[in-house]
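Order of writing sets the chain letters: A, B, C and D. Residues in each chain are counted from 1.
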Amino acid sequence: MIALEYFLLAGLLVCAAAAPLFRRLLVTVIVYTAFSLLLAILWALLQSPDLAITEAAVGAGVSGILYFLTLRNIHAMKGTHDV
Amino acid sequence: MRPLWENLPFLSIFLAITAGILCAVLRSGKAAWRLTMLTTAVNTLLSAVLLGCLWPAGLSFVYTMGRFAAPYGNAIKAGPLQALLSAVFCAVLALALEGGKRDLFHDVSPARQPLYFTMVNMTAASLLALTYTNDVFTGYVFIEISTISACALVMARDTGPNLIATIRYLFMSLLGSGLFLLGLTLLNGVTGYLLMPSLAEAVAALAASGQYRLPLTAAVGLMIAGLGIKSAMFPFHLWLPAAHGGATTASSAILSGLVLKGYIVLLIVLMVRVFTLPLLEEMGVTNVLLIFGLLGMVAGSVSAIREHHIKRMLACSSVAQIGYIFMGLGLGLGFGTAAGLTASCFHILVHACCKPLLFCCAGRLSAVSGHHRSLRNLRGSAYRDAVAGVGFTVGALSMIGIPLFGGFVSKLYFASASLSSDKTAVVLLTIALSTVLNALYYVPAVLAIWEQPDEELRLHIQETADPAALAFDRSFTVSALILTAGVFVLGILYHPILNVINSGVSLL
Amino acid sequence: MSEGTWRERLRVWVDGEREPRDRTLFVMESPQRTSSLPTPEEHEVRERHRLRKFLNWYPAAAVIICAALVAVLLAAVVRMPAFGEADNPINNEVSRHYLARTEEETGASNAVTGMILSYRGFDTLGESCVLFLAVASVTLLLRREDGEPEDAAQRRLRREDALQREHPDVILQQSARLLIPFILLFALYVLLNGESSPGGGFSGGTVLGGGLILYAAAFGFERLGRFFSRRAYSAVRTFGLLLYTFLYGCYIVTGANGLTSEALTRMGGLSLPIDLAVGLVVACTVYGFYALFARGEI
Amino acid sequence: MLETLLENRFSVTAVLLFGIGFLNLLLQQNLLKKVVGFNIMDSAVFLLLASLGYIEGGAAPVVAEGTSPSLYINPIPSGLVLTGIVVSVSITAFSLALIQRIYRRYGTIELDQLRERARKEDD
């Protein structure tokens, strides 16, 4: 259990540090979504199921969709255009 | 069963929120305008009634939001100071809308107007809630409401530079609220409370025992820094000129005159009610506030001198005026009297009156000059709308601090507050320097608008100016006259107002 | 001195080309003022120079501030109450009260839901206002106004959408057909069962909104519009929010005045409608974000 | 030293995440990355807040009848974080919409280029 905690915390740090470093915005957004999912698991570990459900639905789900739609609208989706 | 008037603070917040929701479904901007004006007028009246109930009796009361008493439920707290501030805020909001009415319907496209008024109403709700709140987390939520609606107010005038100003404003605001939330988290971690009275007890106990000293200091610093960023305290003011200078007249007036003040009122309440001034002085926080305030007074004026764009100049001058307020807070207890605090509260009122007046007049002056905003092109515009010229002059003279105008009284009280502290010399010198600097940009601006243009320029303006804009603007005139009267009232009949503030501060 | 020359000098001074000879009027004038105000071009050059200087020191200052902040915070958090201990200051009588009395006082056995909906109801009202404001401001930004010309990029997006409608994505449609009933069922479960299990208005509403989004993505807005038109959307959103605000207003006023109307003060009777209203508002908000982002209208 | 850090692993991670988000919010020139930075910053604060309310061995604060664990975690931070997450997603949506609008107007979302163009356009 504690090993999982360390793994998740390290994963959070890696995702957060890496996300803005990529040149392609699409990768940034994908890594950020992964960050949200890790956070959702961590909420479950911290015995806060309310937060886990909300984070998975809102943080990873809705924010993710909004980010991807934004990328589509600014033509950064296909990677041909590195805004 | 509590007396009926104790429901008034919640009622006005509730009314503002409901009006905001209703505005979003209205089709026409005019209808939304009427609803907004009605709500704001009612709220002004309610706050005035509340002031009438509270001040003579010297009362303040806690209103539990729901049936759970402290520390279990939310609560708001109202005293004379809060009632006075919210009455002034609502009245100025209505006057700013009235004064910028023509510009507003010109700058904001018809389909967006109802939503614009939604934002105005939500701003009003957040201002009221920030004034009345007795719970730090409620404060955070309403700070965020204020952030979104303020950004929307800026970008309602849909030009490119405005969008960029909005996003810079948004990012700075997010930084500020992030810091505030972090401070709140630390504070909650070491005390376990969110409601201000319980927090105050816990903080006092911690301060006495010396336990968790560093987290407590960090929390205080972060919360003050967060609110400071949002209210354009000196090193964090760079976003302000573009955001406040580019928006439509009514938005500029509301943002500069009121929204900044909402955060400062919350800061004052936190400083007095939760952390208490002696503790802050011991931590050295007041000295930091004093230094930033003094620097802001000078730096804001210096950057205003560089500006040619009249609204950006006014926005820069807001930075200087906010510097005055922070300086007053930084004077702290002095030798036992919270005179600096009283002066700051009075200056909040003065600035809330003057800045909207200046912005509305500047908007009107540029409207009669073909919507040019650079001072060079406004030459002689005062002759095209005398009321706007007079209003601008009055506002400018008040900002400089000429006797009989509101600004003079607050400068006088800042100076006398500094006498009862050990920083007299530096404060007095900076006030003098800042007064000179204020004069350096306001006097040329006033001279520029009152100076007859040469024939060529006048013909040019007559060609470019929209005849509809040159026509008499009744709503502007009414609002400018009322605001001008307000400046004089603050400058001449200041004594009763200061009494209210004094009793309000002691009951905070 | 004649009127004309006085004016002339004044004009020259206001323009900043030369200072007036008669300085008695302007004693507060400082000596530096003798240098003229810059012309617009000079001003721009100077501004750009300032900007460049600013951009040079800005990153360094930001890094230093950030490092200092992190250092202070690290020092602060290691001095905070220890992680996971039951006798930390945060676990005080308030939280014990919530855990012990939530079910009795609010009718919700989930202490988090009980706290959000009734103990700290005013915060939640503010939170719903934030959601509402976000939709309103996104509408302000992204809604296409009638007669506003589309630029090339938008036309391309529209063409792509049309193409997609003619050749629907089979995998998406089939999986949506399979998933949507379950998503809706789950949403309803979370929404209605928030009092006694994790979840509640906010999470349930989000999942419900997610179901709507999936439907719109798979089958297009037209088909969704058959049973969930723009009018229905705005009616549900406004009505939900107004109902919610009104219920809260009643709850707060009666609670604060100690009126003992069983139906109102007993949150057990009110929490289900409030939860439902929150759910509807959140679902509409989420779907509204999607619709506005995807095609610029609801 | 290391032991203290490991003991406070959640809050230390939260502070580091806050620093990362803060730096990105300040330094990134790309608006979208700034928004990601803001999201990371907010998540960090939520992590700190939630970890404060955690009690070793505590159960989720659902006081169901029948099963009665002796220890529950503190429900207050969870409720605050829940509110915070919803506020944060609203602001994300708002800023993304603003970014789209800016892109539609200027064709770029790099802040330095935008500033240059806005200066030219200014009246």
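One rule holds for everything that comes next: contacts are C-beta pairs under 8 Å (C-beta built on N, C-alpha and C of every residue); 3 or more make two chains touch, one makes a residue touch a chain.
A quick note: this is a predicted structure, and the numbers were derived from the prediction, not measured.
The interface with the greater number of C-beta contacts, when C-D is set against B-C, is B-C.
Centre-to-centre separation of subunit C and subunit D, using mean CA positions: 13 Å.
Mean C-alpha positions place subunit B and subunit C at a centre distance of 22 Å. Averaged Cα coordinates give subunit A a centre that lies 19 Å from the centre of subunit C.
Averaging Cα coordinates per chain places subunit A and subunit B 38 Å apart.
Counting only residues that touch two or more partner chains, subunit C has 73, 77, 80-81, 88, 90-91, 94-95, 98, 110, 112, 120, 123, 127, 130, 133-134, 137, 141, 153, 198, 202, 289, 293.
Residues of subunit A found to touch two or more other chains are 48-50, 54, 58, 62, 66, 70, 73. For subunit D, residues that reach two or more other chains under the stated contact definition are 9-10, 16, 18, 21-22, 26, 48, 51-52, 54, 58, 60, 62, 76-78, 82-83, 86-87, 90-91, 93-94, 96, 98-101, 104, 115. Annotation, chain-chain contacts: A-C, A-D, B-C, B-D, C-D (touch as defined at the top). By the touch rule above, subunit C contacts subunit D in their complex via residues 44, 47-48, 51, 55, 59, 62-63, 66-67, 69-70, 73-74, 77-78, 80-86, 88, 90-91, 94-95, 98-99, 102-103, 109-112, 115-116, 120, 123-124, 127, 130-131, 133-134, 137-138, 141-142, 151, 153-154, 196-198, 202, 282, 285, 289, 292-293.
Residues 9-10, 13, 16-17, 20-21, 24, 28, 30, 32-33, 36-37, 39-40, 43, 46-47, 50-51, 54, 58-60, 62, 73, 78, 81-82, 85-86, 89, 92-93, 96, 99-100, 103-104, 108-110 of subunit D touch subunit A in their complex.
Within the complex, the subunit B residues that touch subunit D are 137, 141, 144, 147-148, 151, 155, 159-161, 163-167, 170-171, 174-175, 178, 181-182, 185, 188-189, 194, 309, 372-374. The part of subunit D that touches subunit C in the complex is made up of residues 4-5, 7-12, 14-16, 18-19, 22-23, 26-27, 48, 51-56, 58, 60-65, 71-72, 74-79, 82-83, 86-87, 90-91, 93-94, 96-98, 100-101, 104, 112, 115, 119.
Residue ranges on subunit A touching subunit D, taken from their complex, read 5-6, 9, 12-13, 16-17, 19-20, 25, 28-29, 32, 35-36, 39, 42-43, 46-51, 54-55, 58-59, 62-63, 66-67, 70-71, 73-74, 76, 83.
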